[in-house]
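Quick one: the structure is below, and I'll ask about it shortly.
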Amino acid sequence: MDAIRADELIGLFQSWRDMFAAERDFLIALDGKVGDSDLGITMSKSFAAAYDTVAAEGAAAGLTKLLRSAGAIMAKTAPSTMGTLTATGFLRGAKALEGKDAIGTAEAAAFWRAYATGIAERGKAKLGDKTILDVLDPVAGVLEAQAASGAALAPALKAAADEAEAALERTKAMKAQHGKAAVFQEQTVGLQDAGATVGVFLVKAMSGYVAG
Amino acid sequence: MDAIRADELIGLFQSWRDMFAAERDFLIALDGKVGDSDLGITMSKSFAAAYDTVAAEGAAAGLTKLLRSAGAIMAKTAPSTMGTLTATGFLRGAKALEGKDAIGTAEAAAFWRAYATGIAERGKAKLGDKTILDVLDPVAGVLEAQAASGAALAPALKAAADEAEAALERTKAMKAQHGKAAVFQEQTVGLQDAGATVGVFLVKAMSGYVAG
Amino acid sequence: MKKFLNDPANFVDEMLEGIYRAHPQVTYVNDDKRCLVVAKPKAGKVGIATGGGSGHLPLFLGYVGDNMLDGCAVGGVFQSPSADQMHEVTKYIDQGAGVLYIYGNYTGDIINFDMAAELADIDGITVKQVVGNDDIASSVVGEEHKRRGVAGIFFVYKAAGAAAANGLSLDEVTRLADKARANVRTIGVALSSCVVPEIGHATFSVGEDEMEIGMGIHGEPGISRKKLAPADAVVDEMMERVFAELPAGAGDEFAVLVNGLGGTPKEELYILFRRVSQLFEAKGSKVKYVWIGEFATAMEMAGASISVLKLDAELDPLIAVSVNTPFFAHYKA
Amino acid sequence: MKKFLNDPANFVDEMLEGIYRAHPQVTYVNDDKRCLVVAKPKAGKVGIATGGGSGHLPLFLGYVGDNMLDGCAVGGVFQSPSADQMHEVTKYIDQGAGVLYIYGNYTGDIINFDMAAELADIDGITVKQVVGNDDIASSVVGEEHKRRGVAGIFFVYKAAGAAAANGLSLDEVTRLADKARANVRTIGVALSSCVVPEIGHATFSVGEDEMEIGMGIHGEPGISRKKLAPADAVVDEMMERVFAELPAGAGDEFAVLVNGLGGTPKEELYILFRRVSQLFEAKGSKVKYVWIGEFATAMEMAGASISVLKLDAELDPLIAVSVNTPFFAHYKA
């Protein structure tokens, strides 16, 4: 697949839904270490709702409308920190792609940049604060570089997914500054951040979907 | 010992206290089967208070005054069913011995008869209802027979204690009609009654104390 | 045992000290903290006393206050108070109009209240008694006198308290209290045991996936132990027994109490009430008054009970009367 | 998991249905049960909204009622409600005088209330925010903005509710709410975990003989886990931290809230209060108002918290105002 159009976007949401359903218990356990164990529940719920919504609206609604609808329903369905932040990400991503009907490498870069910036604004987190931002910011950076070098979508996303995994690994060394994990301070060092893990899952599933 | 005078009565209360302290956990467990597990606590508490009271008053107070004081403090200390019934027993027993300063066989018979009657009136239980009455009524009967035949206190109490054990055995076949055990109905058949067990302990400790 | 306490032997008296420090509306007589009374008895009013074991807060003492009770003899955990203590409370709350005892049907309490009534009689105080026996799981129809008293006594207190506050005579207060008693039914369900401080461990157990319908508030056995069912099914089974004794027809009106036994969150009590309300609705009956929360507990026992009072023209206005006690406030809207 | 529920996914909505069936004083807007509001808003009054996760009853929605709050956005168990729901509540309770949000300092709630305030601003509704951060165990002095909000928010609600009922402006209501917020400190101690219905098992554990001082109401870690000590020693340790931040001198006056986290019997809360009262007494300070019971819970968690509000001439009369909500009634004597 060389670009994601409205039709494929619906399929991508199905992949995300299935992946978060499968990772539900893993994310519950991960969030349970220095959080409140809800992450698996909120992510599986909100992506299930998002898929249902985009599937019901259908490809005719168009790429950006589907992204907006997904963001809106996610904000209603799972208003946890990660739920609201991912929802904000989709809404901002939709805005960034206004007028586009396909996501190629450049659009993917724009999408994830807007996504990361939206999260940073809403959550008031900085890089290095051990959040999802520490994965999505480098992901956007890699995609921007890939776009600049004219890479096709599949290899660009593969590079982004690899960078996401590396970035997640780097969150282990950080100390949580936000949310429920923040009170654990030093104890969070050595652990991968739960929200950053969600970031990796999002990018990897997208990469896998595009690779077919 | 051929009779229990005020001095010995204090010693008898000490024996009762020690015995109920030793049997505390056993009675808790026994009452736990078809009751509320408080019997070991209430009995050990009330006899500890009774001993402290009679020891503080001293033998000079006289036999019946000591019995009355014991009954009164027991009623205050442990107002559970068995606590109030045994307290009533001591108060009625004291009344029956009015004017006496020693308990020989005849007085022991009068004491336990009054004790049993007091319990029957206060608790409105009949013979065969699986209560302490099913031990104390035959105990009084044996003592009355022993007194009639001129037996000394020690062998009379030994006979009473033997009868108490036999009577307790007979409570196993009965169905509880009163108190917390009553709701267990058929399930109480086969179990010895907890209150009747207290009756056996009272008489056996008295017999043991008199035997030396 | 995981409890906030110092010496278990002082559990009740330290709790009472906390209560007196928190609530100056109540005090005690005879230099005995376990003889709890209202600080300002109302002259000329029929006095209402209750009593029973500790471990059931807000039962029993929590209902001493404006338009409810005047005194309470407080026992050890799950143990009756003494006749002596009841007698002291009786003497203080008698304002010349006599005293009504309202308490639950347990041998220990009966024996002691009977003795206290005898002692009060010697003092020339007229005492009447109403003995709560609302627990339908504890004996069959026709043998109601053997039934235990549980959370439904709340309605008896409320009716009697209002009647006394209205200035009615001891005979009338007794009649109305007894009418409330006769019109209330309770059924409980337990999910776990509880720990008596001086014993220190659970006195019985309920299996990890089991419930016991009809278990008493001291852990007395119920009528069936089975696998925990969905909330709606549990309520259906419980209410079927209630409706068998208190038929609910079109236009009938009721007061309902959904009571937590101690360890059950309020969220769950509301899930139970949702179904109770649906069942009354299906019968065309009205739940005119409802209270949901902890009214008669068994320490930290997980579980709940449902009490239902059938209203009539006499009971309805009594249940509606505002009440203010340290543990329970009811503002008439 | 031993709970009264049907499908865990319906836990919150069925609970809410029970609440609406029981308490006609509250209703909901936007056809969404999770947007709870007073049935009869007072014209011209500053509206006060709160919101937060479920599982904490009577927090948060239980304080919607006369002289307290006007609306509450209700989240899933331990989850924030959505910005959308907060916005709907805001629109309904705004009576032209603006709306104050009072909620606890949790990232999810902040993010959503911020978004809701933006949406309300677009509608031309003025919104102010006061974010409760009373839990002294959750961050050190100097970093108070990082502290969690727990049971002490009760006093913020009470002060703000009274100020709004007195007809004060949004700025004044906000100022007084913020003053209450700045003057309240809470410290908690947990003895056990709790079970989120959709998770189905305890999310953390506390050893059989352990306690954790400072644990949050979602199980967030506290400041020390150690062997359960006698009640007096536990209170001494907790109150030492409170007194370090809210000095109590001769003649100073306080309001105190002893709050059960869900599974702890009231008896034990009174044993805790006994000691709290002794400590104030020893300092010559007065506990002028006290509430003891369940005010902010964590499902069936065993444990308690102590909240202390330092009174002054402005806060005192606000705390004294009578209140009547479905979950909390306070009758001024």
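In order of appearance the chains are A, B, C and D, and numbering begins at 1 in each one.
In the analysis below, a residue touches a chain if its C-beta (ideal position, glycine included) is under 8 Å from a C-beta of that chain, and two chains touch if they have at least 3 such contacts.
If you're wondering where the values come from, they're calculated on a predicted model, not measured in any experiment.
The minimum number of touch steps separating subunit B from subunit D is 2. When you average the Cα atoms of each chain and compare centres, the chain farthest from subunit D turns out to be B.
One inter-chain figure worth recording: subunit A and subunit D are separated by 33 Å, centre to centre, where each centre is the mean of the chain's CA atoms. Annotation: 55 Å between the Cα-based centres of subunit A and subunit C. Averaged Cα coordinates give subunit A a centre that lies 78 Å from the centre of subunit B. The touch graph of the protein chains shown is a line. Contacting chain pairs (ordered by label): A-D, B-C, C-D.
Within the complex formed with subunit C, the subunit D residues making contact are 2-7, 11-12, 14-19, 21-22, 25, 54-55, 57-58, 191-192, 208-209, 211, 228, 230-232, 234, 262-274, 277, 290, 292-294, 297, 299-300, 302, 304, 324, 327, 329-331, 333. Partner subunit D is touched in their complex by these residues of subunit A: 28, 32, 36-38, 41-42, 75-81, 83-85, 122-123, 178-180, 182-184, 187.
Within the complex formed with subunit A, the residues of subunit D that make contact are 75, 78-85, 106-108, 111-112, 114-115, 138-139, 146, 148, 196, 198-199, 203-204, 216, 218-221.
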